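The two complexes that follow have chain A in common; it is paired with chain B in the first and with chain C in the second.
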Partner chain A sequence: MSGASGQRPRKNPLLRTHVPLTPPAARSRIALRLTAAAARGRFELQVCRRCAHVQYPPREACERCLGLELDWKAERGAGELLAETTLHHSHEEYFRLRLPCRIGLVRLESGPTLVTFLRAGARGVGSRVLVAAHLDRAGQAVLVARAVGEQDSMAEDRALRELTCSARQRKILVTDGKSATGQALIRGLLQTGAELVWAGTAEPWKPAPGLDELARDPRVTPVPLDLTDSDSVRERVAQIGAKVDILINNAELHRPYGIGARYGVEVARAEMDLNYFGLLRLAQELAPVMRARSADAPASAVAWVNILSIYALSSFPAQGTFSASKAAAYSLSQCLRAELQRSGVRVMHVFPGPLDESWNEQLPGPKLSPEALARSVLGALEDGIEDVYPGDLAQEWLARWREDPKVLERELAAGG
Partner chain B sequence: MSGRARYDEVVVAVPVTVPYVRYSIRGAHWFAARALAGLLSGSGLAKSAIDGLCFSSFTLAPDTAIALTQHLGLTLSWLDHIPLGGAAGIVALRRALRAVQSGDAAVVACVAADTNQVHSFRRTLEHFSQFAQDAVYPYGAGGPNASFALLTARYMREFGVRREDFGKLCVAQRQNALAFPHALFRKPLTLEQYLRARPIAEPLHLLDCVMPCAGAEAFLVMRRERARDLGLRAVAVLATSERHNAFPEDALQLRGGWALDREALFAAAGISHQDVDLVQTYDDYPVMSLMQIEDLGFFAKGEAAQFVRTHSFTTDGDFPVNTSGGQLSVGQAGAAGGFLGLTEALRQLTGAALGAQVANARCAVVSGFGIINYDRGLACGAAILAAQTP
Partner chain C sequence: MKRHSAARTLQALIAGIARGGIRIVDLSHTLTPEFPPLVLPPELGQSWPFRVETISRYDERGPAWYWNNFSCGEHTGTHFDAPIHWVSGRNLPHNATDTVPLERLLAPACVIDCSREAAADADFLLTVDAVRAWEAEHGPIPPRSWLLMRTDWSKRTDPAAYQNLDEQGQHTPGPDAAVVRFLIEERDIIGFGTETIGTDAGQAAHLQPPYPCHSYMHGSGRYGLQCLTNLDLLPAQGAVLICPPLKIRQGSGSPLRVLALMAAEAP
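Moving on, here comes the complex of A and B:
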């Protein structure tokens, strides 16, 4: 048994389950850019295009030259702790349950003074700190300062642990334990210190190479789960739903071709049935259960991960019907994210480029290995990131899409 | 010295306090109405004689001052709404003085009124400003306690001030409050009790923090002859200042706008610091009282500890401060907290103290401080008032 996987404290069954609470979620529209960057794991501040002034809090204009063209640029976060305090009182119920809580004023080397949460190591006026942006339980960006060199997980900090969704000591359902990605995810989860992993198998009577071996680990339990079958989903959620802390939905049907290379709708319908309706079936059954358990001490439901595809952003015509099913799943997952927002359960979108698997044989590289995908997902859970684009190809595609979706559409129509 | 016109022909009179209560089910309009009624009964003027209104509140929403004209049946030739919190009193005074001086209004009622329902303070904090909403409140929702804890901690470290020093000021103010009928805290306070109070946001403990409450403060500004004709005891204004967002380059607030304006202020008043008989600060936290006294020039920057240890701040002390008890002992009735020092100074300078009278009080300095928009208070103001020679 791995050292990191000590049993989490048992819940006292006599204590009531807390109702979900979230920290203050209101932000101005301009401040949401901080959240948008944090959702991708980045800390960005406004920089004036004209005079290069760095400013915070976010403003509609440059405080120095009144320039209106403000770019959000990556901020290193290095600064000096100017003052610190420990709060023993809060006006919000969410924080009252998590007191005491340390905050400070940090002057960044780039100029602005920030109010931030302080990690345990960030203490002492004049000490050097590094500031990063994280999503809080309301899904909004907050700034956290840590001591230079401080590595300990925020998961150990009473006030800050909910900025992460670490798989450590958690119970996780992976909806497809048979696929290469599923098994890479399960291996990664075990290494991270997951307490229990349920591995869904859609057709349990078929041999599942690899899974039988993984299931020798007492922490891995294969369970029948077919997302195209409402009864199967209902049964499984009734059985284990109230214990699932993290759901990773990696089940997918993936076939090549667009419209002209195939006749009939059967393949496209099968893709939609699993990739889109499968998510819908699962969300209808499991999301209410996870929402209710999002404040369940000492461990609670924290994250719902959907493995989508970079093709969800813009159709890859060579795999057009698959792209369409993933675009539909993406849209539905945004809806799920909105519905779970008030509970604090984080919905994470993973947008891999083509995976290194048999249905992508005809594609040139680079292709993402299942292990690399699993590493991205686990790292994102640890850091509490909301949108993940694993691999070089996904990153490049994202950059092109952010620059101009129309240009990308033309490029993809021409073959990539 | 600036070429600003003096206020020779204008005076301030009729200090009104609508008694404070911890919580009220009334609206801010109710407190405004009582304050206005107090101004009328105190002056003998008819409502129709009030032709100017300068109003401040945190809890009048969705209304602003214009709605009050209809709510309270006022017809005015001059109206101002001053959302400056703790600086509202000083700024209202400045606006009203010039309005009367210029003839735009004959009698201006300056009123600050706030209610306090159980949840109103939290609601005010939640959306206090865009910066507070985006960049302060999500960090533990400590409200102003958190912001002032940070600057108090740094001030203590920078200038060698100890909790005992703040405590001495708080204990003296409580002593002053014991005689003031409107104070919500009227039990004697010892330094030991101050030091033992539970921590709120270190280094701030419970008795460093004001208690939000409901209430109102008000006064009238009019021409000198008018006040004399009405038989009112009035006070002259020797000089005033206001300064907003001073020292934006400071990484953290250890000084306020008074430091920029004190020379011109005292020069315009034609007095020296030794001539001042009492000081009313905006004491939302004791550190701010010291910073105001310091930046107004009563002691050199950084010498707060020495100053506190060598002076006494009660009404019978050698440096009377917040002679009614200040907000720390009277309560903080929203924007009325920014008027409290003015109404108290008016009473002291006319020999009409409701509590203990400072002997031979002839000259008072009143300062205001308001609006923690993000990491610091933005609005600073001060006024030097003098008793009129009979």
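Moving on, here comes the complex of A and C:
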């Protein structure tokens, strides 16, 4: 029933829009560690420090030796499919609408036996499979087994496609289509197979040659959008908000000043007005609309991506006011994530290190290219990850922050 | 003027307005967030564009009333430049918006039509010769008048066309250095007004001295008006401008309502 161009069929406007449902969301505190790892795209299990036993499900103590010292470690997920079955019935409203669905029993090489969802290629008792942890529509970790070498996107599987936020055949709003990162995102989105990309532009009098060229593609539509102007945000969301499946908020003002380097509050205020208040303005207008459409068909609102900065976690004093504005945006974005949790719209945080742009030209490398940032964002959307740390520097700073934020604070104060 | 006749003059003014003999023309743009602000190189401090945030609108934030907070720079939208705005005027007496002598805020206006030249050349510069040619037709510029440079630039409602920026910067018309000195030294004008952002031409950074209108006018205690509109409705001579800026302490300028009083055409 596709149109001549092979596009998704249009929504029947006489039918009621489905309301968002989510799978069971309750998890114990100890089990939330599984979710925390899945949010970063990792599968981790507890390993007992005393007897090296790997255990699942997560518990407060080792099930073998009752030791209390358990470390969460990366789990490769390689295992053997012991049993498989197809569910035709569920008491959970969420799953009732997504049946039949295949589940199986997998024994990991590292020891534990798990109940997992099965992707299409994982079949046959005794076959080798790989288990990964993904975030489900409630934002909690679920385990999915695929055949070794299986490549097909989860987007094709009716039960599992909700574990991905792929941009394919979706409509995306990029809040700043003029910047280098915006243009790289638009190019990447087109390659992924996005149906339509709105490229937000502020200050229409400033020329944007790269965007003008991208806009020749019929799938790209520049639209006026200034996140520092409440009227602009309201008008734009009223006009196109009900069609936005994925929001990528990459609009930012970045300047390299601390407190003493530049007298006056104007630059810091401008950074805050765009990086923090811009997010607030947009979220107030667009989040309710996306929440209502998170179970829409044929395409649903699935993700809200905020490009933050690794310096949201710990200030880079040479760019102290920028860091503070990103810290504010990070905190607000956590609030947004909580407010959208029940709807199933994934709020994604991206924490890049310094970007390769002119205001950073005095910083030594490594710096992140716009293309690398775009690849990271699009990959995370595909995999349904919600906390992304693109590039070596961001990964390094994340590891140090998790180890001890105080040590990182000192290191960044000394120049990083 | 005796008190009687002054009182009668004022009454005649009000009567003229009420009965239509005197028309009031609004030379100000409406303040909206979309109006293009002055943009400087990124490393310099920037002037705010106009922004509005609603406090309440007959709702739970304030049941019976509607009101807003707004923000903008002193040089946002249709605005007045005081001498203190430029380095050359920094030490003059009565040079800020709160100290400008009041009697200077009502003044006659001469309007010189450069709309054809500006349409043909966005970097058109007004010269002494052009002013003399205008005077030959319309009479000499009276002392303590505004000289308003009509270019119909206000009809460029597309913000990109209004700013007219390319890799060399802004391309908008304005006065050359010689005509500014002429208007000050030979004609004693009170101020220069334009329809563009800035009393100086878009490429005036490259004139000698740079930004001659700001430099000379403010350096001699005179004023500027920018982003004017409706100049095409004014006669070449005879209109009277009312343009008091906001009384900001040590203000360098402010957005304002510029009103022009003119004789209405005979019916």
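By definition in this document, the second predicted complex is superposed on the first by the 410 of 416 C-alpha atoms of A that agree within 3 Å, B and C clash if a C-alpha of one lies under 4 Å from a C-alpha of the other, contacts with A are read in each partner's own complex, and residues count from 1 in each chain.
Basically, contacts are C-beta pairs under 8 Å (C-beta built on N, C-alpha and C of every residue); 3 or more make two chains touch, one makes a residue touch a chain.
Being a predicted model, the structure only gives us computed values, none of them experimental.
Superposition of the two structures on chain A leaves chain B and chain C fitting side by side, clash-free.
In the superposed pair of complexes, A:323 makes contact with neither chain B nor chain C. Legend: residue contacts after superposition of the two complexes on their common chain; A:116 is shown touching chain B, with no touch to chain C.
Judged by the touch definition given at the top, the superposed model places A:226 against chain C, while chain B stays out of reach.
When the shared chain is aligned, no partner comes close enough to touch A:306: not chain B, not chain C. The wider contact with chain A, measured as residues touched, comes from B rather than the other of chain B and chain C.
In the superposed model, A:166 makes contact with neither chain B nor chain C.
By the touch criterion defined above, A:270 reaches chain C but does not reach chain B. With both structures placed on the common chain, the touch criterion links A:58 to chain B but leaves chain C unconnected.
After superposing the two complexes on chain A, the closest approach between C-alpha atoms of chain B and chain C comes to 39 Å. For the contact definition in use here, the chain B contact set and the chain C contact set of chain A share no residue. The touching residues of chain B, when paired with chain A in their complex, are 121-122, 125-127, 130-131, 133-143, 145-146, 149-151, 153-154, 157, 198-204, 248, 251-252, 374-375. The residues of chain A lying in touch with chain C in their complex are 203-207, 226, 228-232, 264, 266-267, 270. Remark: chain C residues 33-34, 36, 39, 45-46, 49, 51-54, 158-160, 162-166 touch chain A in the complex.
Residue ranges on chain A touching chain B, taken from their complex, read 23-24, 26-28, 30-31, 34, 56-58, 63, 82-92, 94-95, 101, 103-105, 107, 113-117, 125, 136, 138, 140, 142-143, 159.
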